[in-house]
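Each of the next two complexes has subunit A plus one more chain, namely subunit B in the first and subunit C in the second.
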Partner chain A sequence: MSTEQDSAGMSRRQLIRHGAWFGAAVVLTVAGGEVISHVAGSSGAAQPARPALRFAQISDSHIGFKGPANTNVADTFTHAIGQVNSLGYTPDFVIHTGDLTHLATPDQFDQVKQMLTGLNTPHVFTVPGEHDSTDDAGQKYRQAFGAGTQGDGWYSFDVGGVHLIGLVNTLSFSTAGGGHLGNDQLDFVQKDVAGLSSDTPIIVFSHIPLFAMYPAWGWGTDDAAQALSYLKRFSSVTCLNGHVHQLFTKTEGNVTFYSATTTAYPLPAPGQGPAPKPVTLPAGKLHDALGIREVSYIKGQQALALKDQKLT
Partner chain B sequence: MNITSLALRIALGASLAVSGVIHAYLYIHGYRDIPAVGPAFLVQGSVFCALAVLILAGGPAWMQLVGAIGAMGSLVAFALSRTVGLLGFTETGWQPSPYAVLTVAAEVLTLLLVGTAALRARPRASKASVRQ
Partner chain C sequence: MPAMSGMASPPASASATPADSPAPQGGTAVSISNFKFNPATLTVPVGTTVTWTNKDEEPHTIAAKDGSFHSPGIDTNGTYSFTFATPGSYDYICSIHPFMNGTVVVTK
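Showing the complex of A and B:
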């Protein structure tokens, strides 16, 4: 065998052979990736081009908050509204998953309601956060946003073949116990879905997570398991929440939970620090922690498509 | 190449292919919409399928090592997603079933097979160096 041995003991021929194997690995990997992407793309392309449902989620605007973590929450909320209006299509509706205001004063409710009228969408749906019901069990919230709701502000509606349920789990919120739905609301959920076929996609939105994201900080809902038990038979259940001011995803059986970020200020990751206090980021970094979310549903697909955007 | 080496090679190719194909399947059926984790599933599926083909075709030993490192990485990512979360993504137990348990089994098998192949190769390498 005629070889030119290098100092490491590998002949030129061996080097070329290993290089060829490496090249083949790269080529096959790229080709495989292309094929998988193509299959994934065509499985979506086989459906109608326009999703049956497209909406946006914004959360935790905390209008009225004053602090170094965000010295102008109205400005960042205005940015978020502008970003929703720049999606390139008109969302079927926009949901705000709570903590619209920081202290639930009439002025703050007036201001946030006025600002929400700037959204280019036919409908805006909201649920209250614990900041929206600090001193009156949500009465001022319901005066501003409770039209057409049941009980303490919960409701459901159908769009594009999808059944959506807005839940209120903040009225007896405590850091120790987290959110709570209560028997009346649980009965509502049970009756609300009783007549639906099991292949109806379900979207539940609430302020506090319906999963135990970090119970030590109240990032969970103590009786959510009961509500979710009524949804077990459905093939697609998606739960959207705010409250935690950060993106988080979790799957439990047929249910996928998505925590949204905020338009106001970030909170620490679960367990980082003694309490979930507003985090002040270095100058210029705040917008990276804030954002909006697009959600779309294409008929026949089990999972919803979510796309989170940082605030521009 | 003796029959044992060939069997090891075929088993390793199969275990990598199982893990790669399942990751690609999950990517196509929903995981592609999960930020960061979706693209990672695409890369894992493509790399593992490519390694499976090339190892079956007689690729060099370093490919088996790359497969083992990839399998270890996938197992660590799986463990993170069930505990502290992986880039904001968490899942519970063996969901999605039966894919989670199949991929974990395939990746553990990959590690065992690469370990066995390395142990078998070592005495031969020693003998070869003694002969020189």
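Showing the complex of A and C:
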């Protein structure tokens, strides 16, 4: 097979050299000059052991929420975006793990989509939260964010030798009231990883936790065990979720779960109080409960490095 | 600061029980607070319009398990009304917080 040597190929090659990786450089060429120059500028200093992958996670922006727990969720989300843009490098991508909107209205989808364009990153990935799919099984969500996805909005992609899977567990619910993946999506996961070698690091995104964090409040996914059974042979599996508005981590076998905090308002710790109601903190304390997350992977290491930052 | 008496008025656009059909004893209203439907089981005669009012800071929905009715997200102090034209027992949940359960029993 001969290699294409046209001008597009050249610019792609150049991008790969600057960005030091993979295929999403193609996305960069689509994204236009601003992103390209940012990538080139940030690669000036020598960076030994540049991670094969580094990205940011934000979650639960709840655009449209108006309550005493956070009287300006657009402002805190803007802060979070600015904080991601100030990491000192361009994240390979940013994942928003759901509840982009509070009430899934067209205006709220428009607003959050517009706000996400402020992120300095070649690509933004999302999964829906139950607030994004309140009354239409996710149709408005997919209109806004579903391009390039399969089924009801799930997808997978590869970056820097890592395989990443975005799952949708907010469209139908288990009888216990938690998240649910459904057979179509379980089939997708099984086929999606079938051809991968077992030393491929796997990262799974979902809104609702894929572990039983607190089922009485719906903080779990009833058929997650089935999905995770397809990932048993992999040496490194990391699941990142939102929904619970607080940091939490847990390891079960080969899988490590990390719940992210929110950019909007805190929720109680599991079982603290009658319901997962927004918590109104004393004045000046809100930002301490909100934040962003950095995730990086260095080739040859089994575990990913996570760093959670409070909102500044 | 004046004491809050009663609930805040819902927006004019929200549907409400018509004034010309006085609520029968037992009521046609379901209040949502602390992620619970109150009353959890409401019994009404056929043809009744039931109105749910969300008193939580979180939004809720009213979604029939049999799919016969499904509200949009009801924000704080918002309401949703549905008229029951057929007798039967209607189990519903909040589709945002599906561990919330309620029932409307519609009698002939």
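Methods note: the second predicted complex is superposed on the first by the 260 of 312 C-alpha atoms of A that agree within 3 Å, B and C clash if a C-alpha of one lies under 4 Å from a C-alpha of the other, contacts with A are read in each partner's own complex, and residues count from 1 in each chain.
The working rule: contacts are C-beta pairs under 8 Å (C-beta built on N, C-alpha and C of every residue); 3 or more make two chains touch, one makes a residue touch a chain.
Keep in mind that what you see is a predicted model, and the values were worked out from it rather than measured.
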Check your understanding: So, does A:Gln302 touch the first partner subunit B, the second partner subunit C, both, or neither?
Key -> first
Review point. Who does A:Ser198 touch here: subunit B (first), subunit C (second), both, or neither?
Key: neither
Practice item. Figure out whether A:Glu130 sits in contact with subunit B (first) or subunit C (second), or with both, or with neither. Key: second
Review point. So, A:Phe173: does it touch subunit B (first), subunit C (second), both, or neither?
Key: second
**Study point:** Contacts of A:Ala275 with subunit B and subunit C, given as first, second, both or neither
**Key:** second
Check your understanding: Once the shared chain is lined up, is A:Leu103 touching subunit B (first), subunit C (second), both, or neither of them?
Key -> second
Revision key, fill the gap. In the complex, subunit C touches subunit A at residues 34-36, 56-59, 61, 63, 70-73, 75-76, 93, 95-100
Check your understanding: Hey, which residues of subunit A end up touching subunit C in the complex?
Key -> 66-69, 102-105, 130-131, 134-135, 173-174, 176-178, 216-218, 274-278
**Study point:** Touching residues on subunit B, where the partner in the complex is subunit A
**Key:** 20, 24, 27-30, 32-35, 42-43, 45-47, 49-51, 53-54, 59-60, 62-63, 66, 85, 88-92, 95-96
Check your understanding: Which of the residues in subunit A come into contact with subunit B in the complex?
Key -> 17-18, 21, 24-25, 28-30, 32-33, 36-37, 39-40, 43, 246-253, 302-308
